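Chain IDs A, B, C and D follow the sequence of writing; residue 1 opens each chain.
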Amino acid sequence: MAPAGGPRVKKGILERLNSGEVVVGDGGFLFSLEKRGFVKAGLWTPEAVVEYPSAVRQLHTEFLRAGADVLQTFTFSAAEDRMENKVTGVWVGNSYEEQTVNAAACDLAQEVADGGAALVAGGICQTSLYKYHKDETRIKNIFRLQLGVFARKHVDFLIAEYFEHVEEAVWAVEVLREVGAPVAVTMCIGPEGDMHGVTPGECAVRLSRAGANIIGVNCRFGPWTSLQTMKLMKEGLRDAGLQAHLMVQCLGFHTPDCGKGGFVDLPEYPFGLEPRVATRWDIQKYAREAYNLGVRYIGGCCGFEPYHIRAIAEELAPERGFLPPASEKHGSWGSGLDMHTKPWIRARARREYWETLLPASGRPFCPSLSKPDA
Amino acid sequence: MAPAGGPRVKKGILERLNSGEVVVGDGGFLFSLEKRGFVKAGLWTPEAVVEYPSAVRQLHTEFLRAGADVLQTFTFSAAEDRMENKVTGVWVGNSYEEQTVNAAACDLAQEVADGGAALVAGGICQTSLYKYHKDETRIKNIFRLQLGVFARKHVDFLIAEYFEHVEEAVWAVEVLREVGAPVAVTMCIGPEGDMHGVTPGECAVRLSRAGANIIGVNCRFGPWTSLQTMKLMKEGLRDAGLQAHLMVQCLGFHTPDCGKGGFVDLPEYPFGLEPRVATRWDIQKYAREAYNLGVRYIGGCCGFEPYHIRAIAEELAPERGFLPPASEKHGSWGSGLDMHTKPWIRARARREYWETLLPASGRPFCPSLSKPDA
Amino acid sequence: MAPAGGPRVKKGILERLNSGEVVVGDGGFLFSLEKRGFVKAGLWTPEAVVEYPSAVRQLHTEFLRAGADVLQTFTFSAAEDRMENKVTGVWVGNSYEEQTVNAAACDLAQEVADGGAALVAGGICQTSLYKYHKDETRIKNIFRLQLGVFARKHVDFLIAEYFEHVEEAVWAVEVLREVGAPVAVTMCIGPEGDMHGVTPGECAVRLSRAGANIIGVNCRFGPWTSLQTMKLMKEGLRDAGLQAHLMVQCLGFHTPDCGKGGFVDLPEYPFGLEPRVATRWDIQKYAREAYNLGVRYIGGCCGFEPYHIRAIAEELAPERGFLPPASEKHGSWGSGLDMHTKPWIRARARREYWETLLPASGRPFCPSLSKPDA
Amino acid sequence: MAPAGGPRVKKGILERLNSGEVVVGDGGFLFSLEKRGFVKAGLWTPEAVVEYPSAVRQLHTEFLRAGADVLQTFTFSAAEDRMENKVTGVWVGNSYEEQTVNAAACDLAQEVADGGAALVAGGICQTSLYKYHKDETRIKNIFRLQLGVFARKHVDFLIAEYFEHVEEAVWAVEVLREVGAPVAVTMCIGPEGDMHGVTPGECAVRLSRAGANIIGVNCRFGPWTSLQTMKLMKEGLRDAGLQAHLMVQCLGFHTPDCGKGGFVDLPEYPFGLEPRVATRWDIQKYAREAYNLGVRYIGGCCGFEPYHIRAIAEELAPERGFLPPASEKHGSWGSGLDMHTKPWIRARARREYWETLLPASGRPFCPSLSKPDA
């Protein structure tokens, strides 16, 4: 199967999902750009879109090349420590207007997307306000401000993501529905449900009834935990007789040991997560299991680098009918090793080898699991 | 200590080292660009400099911003499987002339370096021919071809790197000495010495006598193993009454379990090394220990991402007197977490926390060490 | 607190439990005697009581000395592979009559118990027949045959143990109730319940209604899993308004990774369980947690050696008011190390050291968890 | 191959070794009896021979039954914390005369040995005095006092064991040679040599020249480390043109991470070593490798339970021509599982399964290696 050659017609997200296509999402900007030197951990804000646009453009390009069908605007802005600033619209530590940042983020995503058939999704996330008060009007107004930019920039669809409380996620969906574009919504919850104890199944039902077209989870939990949550969401929708497209954008980290709060509670967060990073083979397995579960919008979040997105696209190449452009630089299942002069390295040029490898940590003084804080 | 503000005068590599400065090297292009989708593992060739120059430029920029004082041209070309092609100068899998690639690589490094006070180093490495015959003339001619490009491009100094056999490294040094620029040389050996059993101490002595100004190791082994090798090199030079600047550019992977052949023999090479990736704190410790050992040229190789280079520059900021530009996006020792709303995450905003953390792999079904193949 | 000096009056099991005393059970005979060379793994039969009575007597003596208040007759006979033989009463691999074996087992336990104030408990367990047919009459007759021996030997009370199906456990309780002695019953189930899916809470309720005086779990699962099951049993009884004494005799192995079938499904069963053996400190913690949960009959099963039983008795010495005889050879919390000449070993003579130690496996090529078979 | 039936003629230790026989040693009394409640850790003294003779007799019986050709008197007395007492001959914590203890120990070993063809070896070990002064006369007199008992009791041969300094070991050999019985000597050193830096090879040479008939190592280090030391001893003897029988009695614990001081420096010593206990399969491998190295006296030390000794005897049954008595209760390579009703457990009844099993620790929060103290 050769990398895609000719131009692809740009179809809408629902058109794609309705026709049974697999949609590959992109990966995480915050962690990738933190490692590249353009995002500050702790703050986790996207001012790089105005400060270092070439760095953001490059990462969009890499995800596109890796096979992403969607480029999400780098507008994430949910860090809990910025409540006051949220209210005033001033970013901590710099002097950029939020709307300036969000407009620049749209421009960058669209500029790169135009080079392919990728869709641009405008993203909003939970507010810091919700945990202090539950003022629906005020919070919806914040969402509406952000939505205004996306509407002016004509993004292809909208994503409300990283919600811990289904009530606030429902408000977000209700606002995003106002402009008519398709709406995806993801919660950052695990199998135990939202912070008020609403089960994943019930969350999915409420989001569907609020009008979301695509429903799922993102961030906070690794592949296997996120797929368990998706299973519960799917069952909840089925039991309620509802239909929705399913979406998963999990962490690129293994987190079997995290509690209800997800990876932020692990002692390694955020500066010692390296040993938990998924291999490309882990991600191929995740993509296959997500597909088998009926999820058709499959991407990643924090920890997903371009090669992880490529792994999704390669695993599902039989279903999609084409390989992503970046596969020109990647032999399937390690086949690029088949010309190596050392026979024991050549012996690694096969699927069974990488599928069954149990990779060592090289850290014999470290444990394999941690107890989450709090 | 604030990030460096004003322009810095560009001093030569020997001028810097002779005056006792710490020189921060850059990190690994092959592994970083493989994960970004621009290099093919197995082949490990740098045609991205002509195919995707913006990707290479971006990575140079990130290393510079992370604090690198040296930008090495992306001209690595030692994959063992390309012997015939080496002879003809034609790259496997594409149609670029080697000299075209190397010239483009120089241009990219110089373009980025001009934005700072960074030096550009032209790099050559071991040939695939040496293990088939030991034709000194023929091999030296290959080196001379590459040197020609570097001379025309006026790189600041030269690096001969990734040599398994000290004899070939000596030949490389002899050739590089021909144009008068300072010469650094690194071998990809561990404490057991080169592939013919020459000890690290004896390797260093021979390289010094061949005229190398800067001597050390790169690639193949993780931080602690490489520092052991450096200790042996230092002792060898001392015992022979010789003086040379010391240099280390180890892997960004933990490899306590690899044998004489280094990380390529580990079962995880090259597609399952994730759990072995060093944290920034590991690298700070490595930088400090290298410094204490007397090494003054400290950088990285495969596995070193920009944030690892920043960790070197931050650790040695007291000695150097300034922080790298990318520290604007990094609180020292996790201090960026001090405003987090969750108290148990705020509690991580301190040096002792990260220095003593034993990060879990999140992989309870995997071992901590592997047995090397071969 | 000194080891118990004077003679203790021999009180009945219910008298003890009703007055709030902690009753310390004994440990596992099969695994201990297998390692000593007197029991065959796979077969797991107790013919040692006639073949090597001094070995059995010695182990009874050690458990008594370690603090056990109960010596259970070594009459276990549930290996699934002996169905036919069960019917005929002939043991596989030897020619002993079952009743001969069971009578000898009673004599040995009583002989040793007479040296202290320990009670002798006659033990029966699930049959191999139950999984092939559910002939209540036939199975109850098997129980009655065994009970006849216990009645003639005047054991102090009866234990029906190692039941996978609550229905069969109920039959056992009904039979054991026939002679008037107190009846304890334990199932070898985990939190997921019995092999027909009856929850631990419901199991406990049925057993209580069948007339069992003491209810709990034994074998198959490690300390923490077994305590979870006990919690569910306790809640089940409470919700049904029932009262029963609680009992736990878990494995001396760590088995967080075993599935519903328990440790027999772990790949290490039965000849590679060494790395999972609990330390004495693990068992002290288990004893404390069991006590806090309201369990008052606390012992062990496979993997419990005499020093593990001593750990229970030492942990609960404050509540019981005395130390076991074997504590004459054991400094509490490692205090016996306080005279060591090496200061770093003396530094281990304290509770905090052993309570927080994370003991290494010394096996860097092995994982920390396994996937259960089947 | 059936367990040995008829009586075996009792041949001397040198007669056996000279004729090429494999001699199986016994295991460790201190750790085994500590777990059974008869020895106090920290003190590590053998007063159980007078206090609880049946416990000591039982353990001798088990080792004999497991295949031991030698029963060593339980007279170990080297705990470093008893220097003063050593001088006076009074044991700490009790009132037994050392000579009373040693005589009782001889009687017990001989009583059990008479039941088989086993030899009785009288054992002495390093003094606590040596590290305070090097008074040869005084130390030799201590050895002579112990030797007097062994001579009166007519033990079959003598073992000087657990020496950290070759000088003191030489003195011991010189004393033991005085009565004419064969002399074995073992040092508790690793590949780095004795506490004064004398290499294992040189230690072996000095011990051979002092007149020792059998030379090797015991205690302090696990199987693989001890075999490395034996290899160095063998090479030392060969290079010096000397001949001696080789002997190894390593720990039953995995200790790849211990330093020069051996397992006492590991943080887990002595109450958290459980996860390090060797399986029977580890010991079969150890026995085979020891045999292949030319070692013919193969036993164990601390951590070796009877089933570990049986594993040596079973592994070397082809060479010896018979199985030990305890093999009546042990199917070779797990064959006793072949009648199990669960097919996945039956599948474990084969050599390849147990030889390749990587047993999990069941402790995901613990590391695989520790850093030694001091």
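Following the convention adopted for this analysis, a residue touches a chain if its C-beta (ideal position, glycine included) is under 8 Å from a C-beta of that chain, and two chains touch if they have at least 3 such contacts.
No experiment lies behind these values; they were computed from the predicted model shown.
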From the options C-D, B-C or B-D, the pair that copies A-B, where over half of the contact pairs coincide = C-D
Based on CA centres, what chain would you say lies at the far end from subunit B?
-> C
Contact-pair count is greater, between A-D and A-C, for A-D
So, in whole Å, the Cα centroid of subunit A is separated from that of subunit C by 50
So, what's the distance in Å between the C-alpha centres of subunit D and subunit A?
-> 59
Name the residues of subunit C that each touch 2 or more other chains.
-> 257, 358, 364-370
Name, in rising order, each residue of subunit B that touches subunit A in their complex.
-> 34-43, 54-55, 58, 61-62, 65-66, 80-81, 92, 222, 253-257, 264-281, 305-307, 310, 325-326, 328-331, 334, 336-342, 344-345, 347-349, 354, 357-370, 373-374
Spell out the part of subunit A that touches subunit D in their complex, as residue ranges.
-> 257, 364-371
Given the complex with subunit C, which residues does subunit A contribute to the contact?
-> 358, 364, 367-369
